[in-house]
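Sharing a structure below in structure tokens format, with a few things to ask.
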Amino acid sequence: MRRNENNPIIDLISSLVAPFIMLFGLYVIFHGHYSPGGGFQGGTLLAASVILLRLSLGSDLGQGQFPSRLGTPLASLGVLIYYGTGLAALLLGGAFLNYAFIPFSVLTPLRRSWGILSVEIGVGLAVMAVLVAIYDDLLEGEPDA
Amino acid sequence: MHDFLVGHYFYWFIFLLMTIGLAGIILKRNLIKKVIGMSILQVAIILFFVASASKWDATVPILDPALGAADVTKYINPLPHCLMLTAIVVGVATSGVAFALIIMIWRRFRTLDENELLEKLKNDPD
Amino acid sequence: MSAPAAPSLLPLLAVLVSLAAVPLILLSSRRPRLRETWTLAAAAAKFGLVLALLPGALQGRIAVFGLFEIVPGVRLELRADPLGVLFALVASGLWILTSLYSIGYTRGLNEHKQTRYFAFFAVCLSATVGIAFAANLVTFILFYEILTIATYPLVIHKETPEAVSAGRKYLAFTLSAGVLLIAAAAWSFLLVGDLDFKPGGIFTGLALAGKTAVPLFLLFLGGVGVKSAVMPLHSWLPAAMVAPTPVSALLHAVAVVKAGVFGLVRVVVFVFGPDLLRRFHLDSVLIVLAVTTILVGSLLALRQDNLKRRLAYSTVSHLSYIVLGTALLSGPAIIGALLHLAFHATMKITLFFCAGAIYVNLHRENVSELNGTGKIMPWTMAAFTLGSLGLCGVPPLNGFVSKWFLGSAAVGSGRPLLAGVLILSGLLNAAYLLPIVQRSFFRRGSGLEGRREASPWMVAPLVLTAVLSLALGLFPGTFHQLAVRVAAGLFGG
Amino acid sequence: MIPTNAPALAPLIFLLAALIIPLAALRIRRLAYVLAMAAAAAAAAVSVGNIFRVLESGTVHYRFGGWPPPLGIEYVLDPLSAFITAVINLTALVVLVHARLTVAADLPERKHVPYYALVMLMMSGFNGIVLTGDFFNLYVFLEIASLSLYGLIAVGDRKSPVAAFRYLVIGMVGGGFYLLGVGFLYINSGSLNMADLKAILPAVGARPEIIVALCFMVLGFGIKMALFPLHGWLPDAYTYAPTATSSLMAPIGTKIGAYGLLRVLFFVFGVNFVTRTVPLAQVISWLAAAGILYGSIMAMAQDELKRMLAFSSIAQVGYIGLGIGLANPLGLLGAVLHVLNHGLMKACLFLVAGNFRMRLGHSRIRALDSGARRRMPWTSAAFTLAALSMIGLPPTVGFFSKWYLALGTIRNRSWIFLAVILASSLLNAVYFFRVIERLYLRPAMQDNEARETEGRSEVAPSMLLPTLVLALSLVVIGLLNVVIVKGLLVRFLPPGLEFAFP
């Protein structure tokens, strides 16, 4: 990923576009449980925005938005949110991931809905962190602009 | 016979894709091309699943107020798509690991050509 | 066997006592005297325990000890029937003498790794008594394989290239035999569903076809034939003579090879049964093998210059006496076979002890170097003479008794030619053993100035075994009674 | 709570550990090992408990998310899966005790945390594969385990990334074939649930698509279990991986493939389908027999102990394949018992190789001599015992595997396979006694004499103890085999292959 010249157009456009991609990613995640979308897709969009900035500004400047060292812990955390949702159901007397047993709301359909949302958030976080981490790992040690 | 060939045209396409992928894995000497072959193979399998769910006169499996929920034949089977979502993730992860390994190999042996690599391995004193 | 079975711990203890000595021997590796004490104590205890089983066996009360299922359908079970007691008595009794002798031998040669030597010797004896008391094929195989492995370190004890290659040969033969035996046992298990040794055979209820019975018997024969050194499976035995002499004496004249022959007896009469063998003429196969081995073994012995190798070929030929006796499938023959199993042990061990004493004392191991040794080692060579005469079958030594039974049984079963084979073999025995006696007493030797008799640790055991050979020739009572019991259980009357 | 969730607990425990380790170890690195051990111990305890649960109350079904089987993912705890999970989790526990020092020696410190996290992830995958009742779920766990394994291999010797890459390519193709097979099955039956499929398949009949599906799945599992001639990835992977990885992978990894094969052949398609309709079982048994001979012969030619053990693994997996291919109850019992027995033996042998590497700096057979044995008497003794077991001498476990397999071959009247099994134990004797002879009989070499004066320098207790425990278990389990077989294993036998011992 050697950048031969500073191109202000690319820098500017990518900096402008990145927040919108991220916003769209969040939208996709938060609507995933009742419309097309979800954690995988949203997480990928989030990662795309991070990686876009790393590509255009260089990995060092890109750190400000998402530090590389957070990659693995955030991925773990994301899956833990997923896992925790399942575990909560298990601890409260249901099977693993049986959302009907999670005390988010009184109504069972709503519980299910909230349960899926919580899982989607976890998945989104994990997917984003993992994709960024893969990108970072592959670049590790390479000369960077 | 004609029906068999034409009726399954999509499967023939998938079969072709798989063959290309396998050929890439087996015949190409460059490790990166092998990974590309792997990805093609993976895509072929994914398409195979997705194609199996296709259905005439049916729509995406999201509740459409106009169609209602009474007649489920109006919707296509969502399960293969869900499965393939997972398979795609697996594919991404596999490619990621493959590239990480390729980078390790490059750093240690300075080659990605399989023949050269085997030669270097043989002469490597461990 | 109609004899009532009495649950008893004795068989188990008899097996375990020498195993229990192993850790003690290992722990006292730096204190030779203590180590030897443990060995002797274990040997004495073992003999005592086996002796305690003798009255029961003679009266027909069979001590049985069942542990647990070792494979589904088969228990790990020990059963001290007369046949087992007879073999255990021989092995454990001679272990005491061999232990005494070993002490003299290892000290005399200042052997290395004596701890390993004594420890594996003890394991071997455990396995041997286990074989003797095994109540079924799986238990038998268990101890048989333990014996195989425990003998290996003793064969390669010298750690010379020659010893190592002999060890390989030994393992190649015995491990192959082991897998054949396992295959045979597995097959029998599928046929019968039970592997307990039964007088008259375990296949009695089945109408076994020839295409099952013959291959099965050949598998069994391959399994037990190697250790019993039936030709052409004998060649490991002469090679294994690189082992220290006490090992050759006890294991390669008594425990290991007799375990093989004992196994053959078990297979022939307790697994297959006389009827099945006769129906498919398998007894004739055995007879032919045995006769060949007897004669060819003796002839090969004639050619050996190395004393221990000559004795080894002599062992090969004498083991087939027992095979022959078994194959005749009659009461008197089996009595003769079992008597020979016991009596050959005392005679052959005497000869090996003598060979070892000569080696330790004079560092000579070839027959051609033995001129004049009788003058300086009179006790040793006198014992050697007794042993040799016994093997030739000269009365009143015990070799005569067993040969008499074998020969008369051969005539009695309408095969007088076999008695001729025995006589011929006796002459061949004389031809390869008596020249040694003649050399040592009547020829003038060189380089023997200032040499004296071997150490009393070695002379005492060999004189004892020689006297034992004589005594058993005069009073074969106990062994005869045991053998009669076995025969009665098998063939009635 | 534990009883109702029993089937799902073991994979979930490992997964939790895999997730917590990277977070917890942010501050304290040593926590990684502590957490991994805790998870392994908990999982082992749960899976041993599961055996008793199965014995008491029969098969336990667990519905993820509360969805009933054809829709939702189901976990099934039956005698077979309970047995296999107990075996792999106990083995992993013992190996992990040993792993602490070898990981510290083999890997730079910054890699310790990801290493243990990956081990946990791999174990989670293995447990998931065994317990799941859903074919697609099985695929996912298969890939989770494989991906972790690639990583675990790649941190070894200099050549390890190449070995890992080769494994990755072959493993991915294997997984792909499996997935394709699942696809064919799904298209033709509309179900992914194993129990459901078992009910549907007879009605579908032997359509070509179903046969193709079966063949693809067998191919996939064959690659994972290194069934000859699909074994190409194995020797390098075992040789160049770090000690801890090879001693986890050798006893557990290939067995999972064998388990999958067993499940698919006999619990989904049924014995008639795989022996009569499509004679696939026969094909498997011939390949396995060829693998036994090939592995044993190749093992003789190796100079590196780990490589020799790798080829021996190919042969031993052949035993399992042969038992499965015989398609009779005794063969299956032998195969499943051999999963346990070979797991114990190979774990012990790889730990011994690790001990040699730790103290001598190498595990080349030609460089071993009695000096090595004098320095490490206990390790050498453990090696000898495990070698005797590999040869198949009673009362070690190897004998009993051989016994059941021999019974199985004789029952089928497959004399050639009987001969192969027996011959292979002699070949085992050849290559193991080659090492034993060196260890015990070969005088110490010149350059070792200086070191010899140091006297005994056995490895640390945390490495020695697992080695000895495994070695001892070879005899104990051997004597207890009837308890295992009669008490537990006969209950797993699939319909059509029931059997009762006399």
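Things to note:
Order of writing sets the chain letters: A, B, C and D. Residues in each chain are counted from 1.
Heads up, the rule we're going with is that a contact is a pair of C-beta atoms (placed from the backbone, for glycine too) under 8 Å apart; a residue touches a chain by one contact, two chains touch by 3 or more.
Note that this is a predicted model, so its numbers are computed, not measured.
Path length between chain A and chain C in the chain contact graph, taken as the least number of steps between touching chains: 2. Interface comparison, C-D versus A-B: the pair with the greater number of contacting C-beta pairs is C-D. Centroids built from CA atoms put chain D at 44 Å from chain C.
Note: centroid distance chain B to chain C, computed from Cα atoms, is 69 Å. The geometric centre of chain A is 24 Å away from that of chain B, both derived from CA atoms. Chain D has its Cα centroid 36 Å from the Cα centroid of chain A.
Residue positions of chain D with contacts to 2 or more other chains are absent.
Touching of two or more other chains is recorded for no residue of chain C. In chain B, the residues that reach two or more other chains under the touch definition are 93, 100.
Applying the touch criterion to all chain pairs gives A-B, A-D, B-D, C-D.
The touching residues of chain C, counted against chain D in their complex, run 68-73, 138, 141-142, 145-146, 148-149, 153, 156, 159, 164, 167-168, 171-172, 175-176, 178-180, 182-183, 186-187, 189-190, 193-194. Of all residues in chain A, only 35-36, 40, 127, 130-131, 134, 137-138, 141 touch chain B in the complex they form. Residues 388, 391-395, 399-400, 402-404, 406-407, 410-411, 418, 422, 425-426, 429, 433, 437, 440-441, 479, 481-482, 485-486, 501-502 of chain D are the ones touching chain C in the complex. Of all the residues in chain A, the ones that touch chain D in their complex are 72-73, 75-77, 79-80, 83, 86-87, 89-91, 93-100.
Residues 136, 139-140, 143, 147, 150-151, 154, 157-159, 161-162, 164-165, 168-169, 172-173, 175-176, 179-180, 183, 186-187 of chain D touch chain B in their complex.
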